[in-house]
Structures are given as structure tokens and as C-alpha cells.
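Below: a set of structures, written as C-alpha cells.
Both of the next two complexes hold subunit A, though its partner changes from subunit B to subunit C.
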Partner chain A sequence: MKDKIMHGLKSIGIPRLTIITLLIVIYIAAYVLKLDVAQLFSDNLVRMGMNGVLVLAMVPGILAGTGLNFGLPLGVICGIIGGLISIELNLTGLFGFVVAIVASIPLSILTGYYYGKLLNRVKGSEMMVGTYVGFSVVSLMCIAWLVMPFKSDAIRWPIGEGLRTTIALTDYYDKVLNDFMKFRVAGIDVPTGLLLFFFFMCFIVFLFLKSKTGLAMIATGSNNKFAKASGINVDKSRMIATVVSTILGAIGILVYAQSYGFFQLYTAPLMMGFAAVAAILLGGASAHNAKIFHVIFGVFIFQGLLLAALPVANVIFPQGNLSEIMRVVVQYGIILYALTKAGGGQ
Partner chain B sequence: MNNIMLELKEISKLYGENQVLNKVSFSVEKGEILCLLGENGAGKSTLMNILFGMPVIHSTGGYAGEILLDGQVVNINTPEKAMELGIGMVHQEFMLIPGFTVAENIKLNREVTKGNPISQVFGKDYRTLDYKTMNRDAREALDKLEIGIDEYAKVEGLPVGYMQFIEIAREIDKKNIRLLVFDEPTAVLTESEADNLIKAMKHLAAQGIAIIFITHRLDEVTACSQHVVILRDGGLVAAKKTSDTNTVELAELMVGRKIEKLVQNEENRNVEKSETIISMKNFKVGMPGEMVKGIDLDIKRGEIIGIGGLAGQGKIGVANGLMGLFPASGEVTLNGEPLVLNAPMASLKKKLAFVSEDRKGVGLLLDEPIDLNIAITAMQVKDDFLKKVVFFNQIDEAKVKRHAEEMVKLFDIRCTGTEQKTRRLSGGNQQKVCLARAITLEPEVLLVSEPTRGIDIGAKKLVLDTLIELNRKKNMTIIMTSSELAELRSICDRIAIVSEGKLVGVLKPDDSDAKYGLYMSGKTDMPGEVL
Partner chain C sequence: MKTKTRDLLTKNIVTIVFVILCILGIIASQQPLPFIFKELLTRVGRNTFLVLALIIPVIAGMGLNFGITIGAMAAQIVMIFAISYGATGFGGFMLCMVLSTPIAALFGYLTGVVLNKTIGQEMITSMILGFFANGLYQLLFLFLVGTVLPIGNEMYLIPGGVGVVNTIDLKGNLMYALDDLWSLKVPTVLIIAGAICTALLVWMQMKNKATQTKDQKKASYARIGMGLSLLVVGLVLNFTTNMYRFFDVPMITALFIILIAVFNIAIFKTKMGHDFRTVGQDKHIAHVSGVNVEKRRVLSIVISTVLAAWGQIIFLQNLGTLNTYGSHVQISTFAIAALLIGGASVTKATVGQAVLGVILFHTLFIVSPMAGKNLFGNAQVGEYFRTFIAYGVIGLSLGLHAWKTFAAQQRKDKIDLE
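== the complex of A and B ==
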């Protein structure tokens, strides 16, 4: 019996146990401090849904052996451009959202293709190169946002040149997924549409991973010499993974934005990759292996921690600045912890 | 008898349960060249590692027996100690820094220095190099070898043959050097370079330095040595005066072992008359460490052909080249049609299947389950194990599992279930998975490299039996590459011996040991018959 428990604990992994414990402790603290736990949990579900697809974007890269996709901002930017096109066309509601996705996909494919080409040239240091590709492209886009030929008043600054730093979606497709079939149970708001969309995307990726192409990708990531000997085109597999990851990044930011209510331009996409990396690592993935379960579980606990830790810290440290500092410490602390413990349970 | 410099007494060494050296004794005289002969795995390297006090020996429990230097028992427990005692080694791979001059390389880590103001303050590490003395010393060492390289030339760009001499010069520049070990120095040299090297060795021996010369080339043995010691399977087979023996006898002693025939002589088994299935012309493969430098070979349908030879001579490269895993060139036809080289998929589509010698590196997805390992290649190549789901193709998991279960039964793969990860299997069971994967492709030609390396006897027999069965029942042509000559001779119809990247000749399994030994050392004529 004792062995079985030990085995069970081992299979979850110490890092996971630590984080789960921490999350539970924070929720208990929130209850003790008389915070609205039901509301916290509702927000937790929303956060999970809105970040989920971005985290899912990590899976193809990890499985194909290009590692964690720190170049996620590339996909994010493609998604934002798709979203802006939809606004420019003055489309609203679910239709506007779908057009945003459709518009972003060709862009993501193109971007993913060139990004994949680059990654194929720097085998072995994809994560490092990806990080800096993300940084450079975000910076480059800071110029591009200023000169893009969008005409809509919702997108441009009312005076001067260039696009706004934040673009409100209130009149377009704000919360189209969140509010779809939304219901309330035991004080908890369940964003049905958002969660359904997230699980649907997970399912699509799951199917993809069980296809011939997906399995070729997994073989490539698992052992590229084996893949080569099995007649698999290693570079092509990695390329496909990068393209898929970029597309998921684009869809991910659109899901995120519709829930958040704004597009954030300029330097905002910079750190998008890090939060997604942290979430999937916390979920139990490593730089070489990831499952869909890691995505769902990881994004739930990571976002839960970030979300719940802030109000709790706010109450414990009433000085305004301190809680903000705490939040940053907690966020990057978790990322660091997740990266160092990435090897954890199986 | 005072002349004896080094004496080894009953040296034994166990690696775990594995006896790699069994009571080996011999002695080396001052100023003589002694040749150490033996196949790969005979225990030569282990013996030399003991002599040099390499950490690998002492971290695995040390050795038994005594080493006597000038009649004194010495305990060589570190390489530094060996150096102190005047034992030097010339490595097969060059350990030289290309950007440094010849003199700098020779003096590496033993630089001659002189003081300067900075070193007075900051200590010895900041002393200036005394290039004059260093160059003079280097010149002296090079002159001893009678080699005309400029000591101030940079090493990069020098011909390979010269690099060996720089290595040697580095050893003899050590003032107390008394015993030099040459570990297969001629393997990478051309014939004329090798001749030069042997000349230099003789020259050194004449100056009183004892030399242990490890080589595979039998004619070099007779050309330079006074004594020859032959190891086989960790034991001393013979220690002879070179003048009392000849290359034929040496070859026989080196190879000779009992051969267990797994296949009884069958009548009307005459594969040589059947049609050619694969024909290679001037086939070259750029596989690092196993270069194939132009082979012409016809393989007949339905035969088991062995490819043998010593390690590093190119035998491994042949199969890897045919499968497109390493850059290959030349003309290869399969069933009369040209085979597209350098494209693994093309080879696989032409019904070639490969069981790699590098089981863990190439042969398996270690973190994936057994069933996927077995099925994935057939899935990629033949779209097998797939089912259509709307517009997606999906892996047919039930079929994959069913097939894996059949294979587990067929090969007696010991596992907890077909979903077990292959990393957790033993070497023999991993090999069976590799073989199962290859057979799942239903190949016309099966290429197996080192199929029994590192697996236990039971698994070995099963693997070999399976190969024979596949050959006899399905008329599968099998190209088997192996370092174990005995194994090749037990199941093959013909055996092609490769040496230095070229085909030396094709032998019959029942040809004499001497012939095999000679072919492996790259010679086809039998000097013994002339004598």
C-alpha cells in the first residue's frame, strides 16, 4: 500500500506536488482572508481558457525536437494582424472572430515557414535562437505598427500617426467565446464557449499527433537518426511543427484578446512565450516530451497561482507597490522553478 | 637476460563478470620491437590501459598480476606515474593543436620558459616561452626520427603522415623515455608513410628504446619486429620469435577459433548461380570512421552474404551507404534498376530494410513503446497501420498492437507488454524489436549490422536462427555485417572481407583460418605458399 502511494507520488513528480500544494495553500489562505473564492475560481477557469491555446502551441515544437517555442511572439503578432484585419473590415461578433482566425492563418504559415527554416539551420540551440528571434521581431514590429496602413478609427490613434497601443474590442468580438453558453453554478461562472474552444483545439492537436505526419514529427523529436533511417524527412517534420506552433500561437492570442477585451500592440507580445513555457513545464512536460494533459493541467495551475497569489499578497502586504513586486517575483519565480525542474515526473 | 626491460606476469583483468584478460605474460627487451597482434576485442587495448595506469582500469577494480620494469615490481596507478617511469604512447588519433607550430606541439605542457619582470611578481604561470630552446629540442627529437619537417611550421596543413611523426617526436622528446607503445599507428597512413614510420621505429629501437607495436598488418610484423605476441579472447595464444614464424601462421593464430556451424550443409544450395539482386560498382560511402573507398560487389538473390573485416576498415559503411544514411556515391543497381543513393526513403521503398549496428542511436525510439517502434517505419514507408477518419489519417492503434503482440510472440521479446518503452528492455530484446521493425517492412533485402553485438547467447542464437529462417522460407536476401568472423562463417553463404575501405576478396565459410587472417589484414596472396 505504502509502495503504491509512493509510486503514485513519484509519477506525479515532486515539482508538480509542490506547486499543487502551493495552489491549495493559496486558495485556503484566500478563504481564510475572506476573499471571494468562487470568484477567484471563476477567474481561474477564464484564465485557463484564454491562455490555453497559447500553451498548446508549445506541444508541436517540443515533440518535434525544436524544444520550447520561445519564438511564440511570432505567432502572436500574426494573430494580432489577423485580428486587426477583421476590425478593419468592421466585422463583429463570432463572425468577426472567425475571420480574424482565417486571416491570421496564411500569415502564420508564411512566418512559421521562414522561422522553421531558421530553426533548421541552428539545430541544437533552437530555444536560445527562438528567444532572440522573438525579441527582435517584437522590436521590429514596434516600427511596423507605426506605419501599417490600417484606416479604422478603432485601430489608429485619433491624432498623429500609427496604431494605438491597446485596441478595445468592445464593439467587435469582445468575449464572444466567454459568453457563449455561459452559466453559473454554485457562485462559479463557467465560460463554456471558451473552454469548449480550448478543448476542441486540444482535440485537433491530439488527432494531428496520431496522424502519419504527427507520428513522423514525434519520431523526429524522439530520435532524429531513427527518423532519418525510417525515411522521414527530418527538416520537413521540424518545419511542419514550427508552422503548426505558429498557427496555434496566432489563434491563441485571438482567444486571449477576445477574453481580455483588448489587443495589446508594441512590446506586449514580448513575454507571451514565457508564460506559456512556464505553464506547460509546470504541467509536467519537459523540453523533449509533452502531452495534451500537460497543457490542460499546466495552464490551470500556473494561471491559478498567478491569479490567486495577487489578491492574497495584496491583503497580506497592503502597501500597493509591494504586492505588485510580489506578483512579478511569483511569476518569474514559477517560470524559473519550472525550467529548472523540467525533468520531473513522467 | 639483463636485457629485459619490461616484464608482464600473469596479467588478468575482469570487467564485471567479463574476463577480458586471462593470465597474459610476456616480456620486452631493451631496444627491440615487439609486435602485439590480435583481433578487435582480443584485449590489446585493455593491456595497454593497464600499462599506462589508465583510470578506467582502476575504477573497475584494478588488475591481477605483476608488472616488472628493470626487474622491479612497479605499481602504475596513474598515467602520470607511467610517464615518470618513461613509458610513452603514440596515439592512433592525433592529439595535436592545428594552430600551433610543430615545436609548440612537441613541447605542449612541457614548455621551456624563462623569467621576466611580470613573472617575478605574479608567479611561474607568467614566464615567457623560451622559443629558442624549444625549437632546438624539437629539432633534436625530429632529427632522431630523421624527419625533415621544419620545427617552426604550423601543424595545420601538414600531411597526415607527418602528424604521426610529431606525435612520436613529442614522446621521444621526454628525456627519460624508455618504452614506447605504438597503437595501430599505420592504420591511417599510406604505404610509403608507413614504411617511413617503420624505419623511424627501427631507428629508435637502435637507440635502446623498447617498442611495443600494435598493428593488424601482418607484413609489417615480419618487416620490423624481433618478437611477436598474439592475443585472442583475452588469452595469450603465442609468443614467438618473428624469425620462427610467417604471416600465414600468424594469421591462423590470430583468427583461429572453433566455428559452430548453425546451418548443416544443404545440398543444392548454390546461390552463386542465381541472379544478381544488388550490384555495386565503385561504391563509396563517407561514413566517418568507416569510410568505404570504392567497392565492386554483386549480391545474389536469396543468399546470406557476410561483410567482415576489422573495425574502422569500412565494413559498417556498406550497409549504411546502401540505406542512404551517409553520403554515398558510385553505381548501385537493384534488380537491374539504378538505386537512388543518399535517400533513405528511396531505399526503403525499394524494399531494403536495415537493422542498424547502432541500436540505441539509430535503431530505436527509446522513449516510445514497443508497438510504435515496430510499426512506425512501415507506416511512414508503406502507409501501413493507418486508417481514414474523415479527412485525417489516423494511426490504427488496434492493428499496431495486434502486430506488436505477434512479433513479441515470434521473437520471444521479454517485456511487460507492448506498451513498454524500449529504453527499459535489455540489449537482446531491443535487438529483437529492431529486427521486428525491419521484418514488418517485408523487405526483399535485409541488411543487418552487428546483429549480435552486446546481447546474450540465447538471444544471439534466436537472432541468427531467425535470419536463417527468413532466408530459407521467404527467400529473403540478407546482407549481414559483423565483427565476429565466427558468426559470419556459421550462417553465411559467402563472406566479403573489407579492408581499408576496399573489398579484399570474397571467401567461403569453410576457407582456412589463415586465409581469413590474411584477407583481414588486407592481403590476398599467400606468402606461405611461396616459402
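== the complex of A and C ==
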């Protein structure tokens, strides 16, 4: 029994255990400090649904052996473009949101295809190359945002050149998912639509992983040579994983934006990949293995930590931005931990 | 001959593209050449040292050390405390250099230990490690200073008494502490440099005369010619009316850069340098031939981190403002981009490439806002363009390298199979 517990603890890993304990301590502290815990928990649910799909985008890459997809900004940009097209067409509500998703998918397939092609050529360095491809594309898109031919007043600056840095969705599809069938129980607001959508996406990915293509993908990731020997086209599997990941990135940012109420252009997508990577790792995934459960659990505790730490830290230490510092340390600390665990070890 | 030219072109394609980009940029910006030259002079003095800090880990097979950010943090920690306790002038500058050394060495050691656990993924690890360290750095300056750690002057605290202010003005304490020690005008420097180079080259030619092949002789004469033309250009600038006569060259800063450049070259003539090279080429062979691979890898990162700390101090004394939470963030990106533009790769880098890269990268940096404005009617296009260049060249270079390694591995696998 004791051995079993020790083994369980070991498999969770000390950093994760620390973070989970920290989250519990913060929630207790919030209760002691007489903060509105129910409200905090509602916000936690919202943040979970809001970031969930972006985190879900990590799953195919990890399973297919391309590693942590630091190139997530590519999908994010496709999603933003889809969203802007929907605004340009002056579509509102759920319909506008759906059109945004539909418009972003062909773009993300195309982007994912070329990104996947690139990743197949740089086997072994996917993470580093992916990071810098993401950075390059984000900075190239900064120029593109300045010259894109969108006409809508909601998108362009009223005077001067280019698109706005933040684009408000108030008149379009702000919170369409959040407010869908929203209800309140025991002081907790449950964003039903948002959570349903997130779990629905999780379910789709789950089905995809159980399909023939998905199983081939997992085989590729777990043993390259074995997969090849059993007649699986390794490069194609990796390619499909990258395309799926990019599509999920695009849908993810649209879910994020409708909950947040804004699109953020220019340099905003630059570091988005890192937060998603950190969340899935906190949930228990590694650079080689991930489950849907890791996504749901990880995004819940990571976002919960970021959210709950802010008011608690502000009460205890009014000076200094302690919660932001904690975010940086936790986010990069867990990635670092996963990298050392994955280790090359020659 | 034809294949030779093509070889030369493909090998140096990145550098050639950037030379062309720089020329086009200069034309499009319509800025006067003396202005660009003056800016460039400042920026080369400011940045070259940092770029030189990257070379040893590259040779030791650890790739581009994104962890130089951590060295810069060590420098800034020391500088902020030193300034608050009243460090000024050259003495203050040297104090910062000395005090930052053990701290940077410790940080470098820790970085090296982590990188030894992630062989094959050193670059992404060093980058993430930089971000992680930045969190701890913020913890130190936003939270611990003023609560746990004392600071020499309350003036540097955020109103409320906890945390260090955003920007620290170096005017009156460390600004130009090194640059202003001794400076000479551009023509004088050219004349001196030209004379020394020519004399040295002629002496070498006399010494090697007997053993030279024809090609070596040609090359030697070409080098002497270059030295002489440096001298001639200096003389012409000195005795005609032009803007360049008024520009100062900070001699001591230049001396620091030359010293570190010589160090980077000389170290590879020693046993330690050979070990670095062996480890970089093949860890297994290095291990078999009795080199302590892990120790050498850590040492290369320690040296790099210490040099980065010194480089950051030189950088900041020239810049004149220390942005507590920002000055260090981008330096690894810019230094690495500069090195790569000079023609270096993940496995090869030389002092010459570093210097050339700094010149090209910063020329582009100077001209791109105006070029963007003239070409697109928007200076921001140029500014985004240069950020794109920095990220893009790193991405491209990493991609090409990974592709080559992967292709080589595949060829090897095929041979093994057969």
C-alpha cells in the first residue's frame, strides 16, 4: 500500500505536486481572507473553457512525436484571420462565431500542411525550429496587419494605417459560448456553452485518437521504426498531427477571444504557445505522452492558479506583482522540468 | 572555377543576402552616409562583445547559447546594487566587472548542469531557462529588494518602498565610463590600424617567404594591399574636408573587444580549446580519448555567461539607461541573429563572422525605419521588419541546420541497412 502511494506520488512528480498543493493553499487562503470563493471558482471555470482548446492543440503533436508544439501561434493567427473575416462580413452571434471557425479551417489546413512539411525535415529539433518559426511568422504578420485590406470600422483604426491592436467583439460574438445556457448554482456561474464546447472538442479529439488514423499517429510517436515496419507512413502521420494541432489552435483562439471579448493582434500571439504547453504539462503530460485528461486537469489547475493567486497575493502582499512573477516561474519551470525529464541522455 | 564560385555563393548565401539587403536599405532610407556610419560605430562598440560571448559554446557543440540572457541578468543585478551604493566612473565600471564575474560564473555553472541533462535540446532548454530565470530576476527586483534586501539609495525604489524602479538613469554614474576614457578620431584610428597591420603583414611575409606556395604568396600580398589601403583611406580622410574627421572611436572599448576576440582565437590553440572542439565534434570520441565531456560543456557555458555579463555592462555604459525589467530580455535574440547573419551556423562560428554580423545586422537596424517610411509610408513597417529579420534569420538557420543533420543521419541509416 505504502509502495503504491509512493509510486503514485513519484509518477505525479514533485513540481506538479507542489503546484497542486499551492492551488489548494491559495483557495483556502481565499476563503480565510473572506474573498468571494464562489466567484473565484466561476471565473476558474470560465478560464478553463477559454484556454482549453488551445491546450488541447498540444495533444496530437505530443502523441505523434513532434514534441511540444511551440509553433502554436501559427494556428492562433489563422484563427484570428478567420475571426476578422467574420467581422468584416458583419456577422453576429453564434452564426458569426461558426463562420469564423469555418473560415479559419482551410487556412489552418494550409498552414499546418507546410508547417508539417517543415517539421518532417527537421526531425529531432522540432521544438526549437517550431518556436522560431512561430516567432518569425508573428513578426511577419505584424507587417501584414498594417497592410491588410480589411474595410470594417471595427477592425481598422479610425485614422491612420492598419488594423487595431485590439478589436472589440461587443457587437459581434462576444461571449456567445459563455452565455449559452448559463446557469447559477450555489453562487457559482456555470458557463454551460463554453464548457460544453470544450468537452465536445475533447470528445472529437478522443474519437480521432481512437480512429485508424489516430492510432497510426500514436504508433508513430511511440516507436518510429516499429511504425514504419508495420506499414505506417510516418511522415504522413506526423503531418496529420500538425494539421490537426494547427486547426485546434485556430479554434482555440476563437473560443478564447469570444470569452475575452477582444482579438489581440500584432505581438500578442507571440508567447501564447508557452502557456498552453505549461498547462498540459502541469496536467501530467510529458514531451512524449499526453491524454485528454491531462488537458482538462492541466488547464483547470494552471488557469486556476493564475486566477486565484492574483486577488490572494494582492491582499497579502499589496506591493509588487507577485502573481505575475509566479506565473512566469511556474510556466517556464514546468516546461524546463519536462525538458530535463525527456532528456537526450546519449 | 565556376563550381568554386558557386560553392562560395551557396556557403555564404545568408551573408550575401544581407549585404544586398543592407545596400538596398541604405539607398531606400535616403539617410546621409556619415550619419549611418556614426550610428554604426556606436552600435558596433556597444554590441560586439556580447556577440563574441556566443562563440565558445558553438564550438563545444552546445549550439547557440540563448542563456546569455542569464549572464546579462548577473550584470544588471551587480550594476543596480553598485549604482545605488554610489559606484561611478571607471572605478565603478571595473567594480561591476569584477563583482559580476563570480555571480555570472555561478549562473553559468547552473545553466551548464541543466543543459547536460538535455543533450540534443540545449538551445530550447537554454531559451526556456532564460525565461525562467527572468521570473526569478523579477522576484528579486520587484519583491525582495526593499523587503528583505537593502538597497543603497531609496531613490531607486518604487514609491511604497518595495521593488526597484523601471528605469535607472546611468548619466552621472556609469554612462560612458569606458567609452570616454580615451578616444581618437576616425582617420587617426585608420592610420594607426593600417600602419600596424601593414607592418605586421610585411614582417610575416618576410619570415615565411622561403616556404610559401604561389597561392599563399598571392594571398599574403592581397592582405598587405588591404592593410595599405586602410592607411591610405585614413590619410585621405585626415587631409580632406569630410564629416568622418569628427567622429570619435572609443579606444579602450575597442581594446576590450580586441582582447576578447584574441582570447576567443587563442583558446583554441590550447589543450582546453582542443577539448572543446573534440567535444563539439563527437562526444563519444571525446569521452573515449579521456576528455571529461560533461565538465567541458559546463565550462564552455560558464565562460560564455561570464563574457555575456561583461558584454552587458559595456552595452549599458554606452546606452546610458538601464531598463531594470527589459534591458536583458532581447539580447540573446539580437546577438544570435547578428552572429548568424555574419555567416555562422549552429556548429561553426568565428570572430570574423561575429564582427561582420554585427556590422550588417545593425546597419539594417539603423536604416530600416526610414526605409520602411520611404517605401511604404509607414516607419512601423520597417521596425516590424527588423524584428522579423532577427527571428527569421534564427529560424531559417536552425531549420537549415536541423535539416542537414537529419539528412546526414538518414544517409547513415541507409548505409547501415545496406
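Keep in mind that, in the parts below, the second predicted complex is superposed on the first by the 304 of 346 C-alpha atoms of A that agree within 3 Å, B and C clash if a C-alpha of one lies under 4 Å from a C-alpha of the other, contacts with A are read in each partner's own complex, and residues count from 1 in each chain.
Simple rule for what comes next: contacts are C-beta pairs under 8 Å (C-beta built on N, C-alpha and C of every residue); 3 or more make two chains touch, one makes a residue touch a chain.
Please read all numbers here as calculations on a predicted model, not as lab measurements.
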Touching partner for A:Leu207 - first (subunit B), second (subunit C), both, neither: first
Partner chain(s) touched by A:Tyr332 [first = subunit B, second = subunit C, both, neither]: second
First (subunit B), second (subunit C), both or neither touched by A:Arg121: second
Partner with the higher number of touched subunit A residues, subunit C or subunit B: C
First, second, both or neither for A:Ala229, with subunit B first and subunit C second: first
Touching partner for A:Asn90 - first (subunit B), second (subunit C), both, neither: neither
Touching partner for A:Ala216 - first (subunit B), second (subunit C), both, neither: first
Contacts of A:Thr170 with subunit B and subunit C, given as first, second, both or neither: neither
Subunit B and subunit C footprints on subunit A, overlapping residues: none
Touching residues (chain side subunit A, partner subunit B) in the complex: 207-208, 210-212, 215-216, 218-219, 222-223, 225-226, 228-233, 288-289
Residues of subunit A that touch subunit C when the two form their complex: 70, 118, 121-125, 127-129, 131-133, 135-136, 138-140, 142-143, 146-147, 161-162, 274, 317, 319-322, 324-325, 327-329, 331-333, 335-336, 339-340, 342-346
Parts of subunit C lying in touch with subunit A, wherever the complex brings them together: 114, 117-121, 123-125, 127-129, 131-132, 134-136, 138-139, 142-143, 146, 158, 160-163, 283-284, 376-378, 380-381, 384-385, 387-388, 390-392, 394-396, 398-399, 401-403, 405-406, 409
Parts of subunit B lying in touch with subunit A, wherever the complex brings them together: 323, 325, 344-345, 347-349, 354, 356, 358, 361-368, 372, 376-377, 379-381, 383, 386, 389, 392-395, 397
